[in-house]
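Below, subunit A partners subunit B and then partners subunit C, in two separate complexes.
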Partner chain A sequence: MPIKWILHWQPNPGTTVNSQILSEVSQCAESINGVKEGRWKSTLSFYKAMAREQTIANDFPRDFVGISLAEQPNKYFLVIRGQRLVVEAESSIQMIMEKLQSYKTRVALNFEGNQYQLGDFQLRVGKVVPMHSESLRGIVMEMEYLPISSWEKSHQIMGEFFDLWQESLSKRSLPGHFVHIEPNFAEYGLADQYSLQHTAVQYASITAQMIATSQSVQATRN
Partner chain B sequence: MECVVQGIIETKHVEALEILLQGLSGVHRESLRIHELCLKSVPNLGLVSSEVRLLCDLEQPEPAWTVRHIGGAMRGAGAEQISVLVRTMAESKVSKNALRLFYALGYKLDHELLRVGSAFHFQRGAQITVTVSSINKMLKLHATDDAVPVTPGIQLVEVTAPASSENYTEVVAAVSSFCEYLAPLLHLSKPGVSTGVVPTAAAAAASLMSDGGGTAL
Partner chain C sequence: MQQAAAPPANQDAAAAGDAPPKQVAQALEQLGQAGRLIADVRLGADRLLEALFYVAEEPHHQHSAKCLNLILKEESLMRQHLQNLSAIGRQLEESGVLNDSLRSRSNSWGLHMPLVCPDGAVVAYAWKRQLAGQAGASAVDRTRLALKAFTDQKRRFFPHLAEDSVVESAMKKHCSPLPISQEELADQKTLADILSHLEKEVANLQAFTYQRLDWSKRASSLPSAANESSTDSSKEHSFPSTSKWVQGSVSTHAPDKAAVIELLLPSVFRAVVSLHTAGSMDPDAVAFFSPDEGGSYLHARGFSLHHVFRHVSEHASMALQYFTCANPETALHSLLHWVCSYQTLFMKVCSKCGKLLSMDKQSGLILPPLKRPFRYYTAGRKSAKSSTTENCSMDLIKAFHISCFSEEA
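Entry: the complex of A and B
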């Protein structure tokens, strides 16, 4: 499976993400000869423990998420970030979780947008919106390099492409930049060979980042 | 959803049963070795307590894990009439971390067992699976190499078939009709409805063993 970096938009302090930025990012992909190929959509749901007493609720993981990925809709990924756990399952696991009634999903995020082909690279630009809402919460990008499956081996070429991308984007003077944070895949028991589980872990990771960023913005405001 | 019936048979008659099953189904036996872990939610998790099973197929080159949730049985006068249990059931293949995940979510091991025996998968009016297995308990936690039968000399036979709310009556009919062929050797009924071994079993088994199942029972 080709390796993939997932990036998220970090707004400059005092600014927020908006659809103008999203539009500029998409235009940038097209300006470097990205050929628009189609739409994509992945979803992340937050699972919350149903505890009989509120005080006990903290005994259970608060970073438990379920992820459905665009490239494999019949699979579902469960991640508990704090415990460095990722489980790959069939999409029927969602029904099992529903029947158990021990955890419920109330909030979910959609990551969706357009996909572009750029030689050996595939780029996806996506908005982050809560399900059943149109309010933009963030922007993500997927950078996939088709020829290589090894995380280690791909590092240099991905880094170079990332720098190229950042440079093209910087010409538009946008109030923010894309960030790439590499989770420690080994801690999750994942090998160097890239897989959908790696993607799920990256999504859980950037979501946590985006939440932390927006919470700190809120705190500054308050 | 699934349809289920169960019965017991003495271990000495298992070979005869397998000959009969092979003859009726047209398929060969597959080896069965499944480590089943039954997990229960800790107190305070969920408004009601919940149970989930993790099954590890030890016959595969790499242990293959499945999560299974067994739900309530169909109720009402209609359900009472039929001799087959119809219940909700959901399952999913999972990667090997599933046990750690459920522990992290607040599930504890309630009990575990090892099923060893054979399975027959075939189509006969419905997608039917028959398993014939000894149920074994482990003397030490997760020690599948160190397991002893819970009921020595007796094996459990289970007939299951997936069903939906649209087709369960047909599936029930297919399962019931198939079970009739097994009647000389064992009596199958809803799980929880206890039956013993069948008095004709010895004679039926002898007949099967002597001519390899060529004679109709």
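Entry: the complex of A and C
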């Protein structure tokens, strides 16, 4: 399947993300001839272990996430970043987890927004909001190049497209910029051929990054 | 009023072979019929409403039974009209009038017909003189339409004609970017020789030959993005009967009956070349696709789903025409070699502007440099370098964006 880069918004120090930035980003996509196609939504849930005793619960990994992706709603992806594990399961696994009661959802995030088609590129701009809330926690972007499935082969083109994008965005003087982190897919046992598991790993990665950023902002405030 | 029953099937067959003016006349007639049917439907609806109101106001009137009969009769008439209308609509769709498919048909003359001028006048015929004769379009529009029609047809049927023939003669002394020595050319007499040599020269290239039917089976069996599931990790779908130089699972005829050549460079492109007659060395069509594409539309005259490959295919068709006209004997050899120069499609920056991606002004799309010069790319010239440098000489082939490309390159 086509390769995809997932980016997240890094606000400048001292600023926070707001919906104005989101609309500017959307307008920028349209200004480079992006055609709005529809909406998309993915979700990510942080799980915590439910053990009888708190001490045992602390032994379990805290970075266990479950991801449901817009393009394949009948699949569910489980990622443990610390252990570099990613598993693809049917979405019915959530029911099993519910029944087992071994892991419960701590926090759930929604990534949703609009999708734009730019020729062979597909852009998705989305806001990050906690489930059952309206407060904007972050902005994410998906950059997909449809003709290529090889991560390695696409690197140069995606890099240039990212630069092109940053350049058009910089004209709007927004308080922040998009960041692309590239997880080491090989560590997760993933091949060069792109798949939804690659996407899941990228989401887990950027979510961790966004949380780390906001926590450091909070720390500096206190 | 003309009876608008479903026309006999032979009319469609005749329509396919007719020249555009007749097709257009038929399409206009059908549109006229459709217009009349729509008017009938409107009238019928009015009558129904009238009758309904009448009956509603005076339910026990002596004429109410008559009205009810009228309503029933009208309803069946309307139904008939609507069925006829949908039949005409289907015909119009098939002939390409109601959608854009006329453009892609092989007997299309490259123009959107019927053409509706800004003031509503319908241009039935596409010939320059008739365009000029249409009162509706302004002089500027008429000229523009005529010029567009002419350049489209020229580009389609005479792609090797240079835009600027003066420059072409001056550049004839320019060296070709990838000379192939005479000795090598003498060795590559058969298709099998050419393909095996190509595979040695270009890393990761896989070349296969097929009979036409076998290729269409293979194309349909290729996994496409639509039916690919994420758990399908084995991307290599081995088509059991596809072994090199042997076509078909049942037949065991010699490789020289090949009609379709597939050049697959994994993760970059899949090129399909069709030979004019099975077993010959005359290429007659070429098309590029993404290696992930699959389906019956994957053939030498098909179009990729991706813009980049559609543009490359268009450029490749021009290259094919050029090679065929310049030297028919080495056309296939040159073409296949030239096709392999696209191994750098997503990596090589434009030789003019130095960037990989650029926004193409005409289409508004962001594309990589997808034009490779073919004009002076001749096989059979003595190579200045030894053949061991063949691999790096592929890198010498320049690449250009659509707007950066000029015929002088």
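FYI, the second predicted complex is superposed on the first by the 221 of 222 C-alpha atoms of A that agree within 3 Å, B and C clash if a C-alpha of one lies under 4 Å from a C-alpha of the other, contacts with A are read in each partner's own complex, and residues count from 1 in each chain.
In this text, contacts are C-beta pairs under 8 Å (C-beta built on N, C-alpha and C of every residue); 3 or more make two chains touch, one makes a residue touch a chain.
Quick caveat: nothing in here was measured; it's all calculated off a predicted structure.
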First (subunit B), second (subunit C), both or neither touched by A:88: both
Touched partner set for A:53, first subunit B, second subunit C, both or neither: first
Subunit B versus subunit C as contact partner of A:154, first or second or both or neither: second
Partner chain in contact with A:99 - subunit B first, subunit C second, else both or neither: first
First (subunit B), second (subunit C), both or neither touched by A:186: neither
Partner chain(s) touched by A:197 [first = subunit B, second = subunit C, both, neither]: both
First (subunit B), second (subunit C), both or neither touched by A:78: first
Partner chain in contact with A:107 - subunit B first, subunit C second, else both or neither: neither
Contact residues of subunit A, present in both the subunit B and the subunit C interface: 88, 197
Subunit A residues within the subunit C interface of the complex: 1-2, 32-33, 72, 75, 88, 118-121, 146-150, 152-154, 156-157, 160-161, 164, 191-193, 195-197
Interface residues, subunit A side, partner subunit B - complex: 49-53, 56, 59-61, 64, 76, 78, 80, 83, 85-93, 95-96, 99-103, 189, 197
Residues of subunit B defined as touching subunit A within the complex: 41, 44-48, 50, 52, 67-69, 71, 88, 90-95, 97-98, 100-101, 104-107
Footprint of subunit A on subunit C - complex, ascending: 225, 228, 230-231, 233, 235, 266-268, 290-292, 305-309, 346-347, 355-357, 359, 363-368
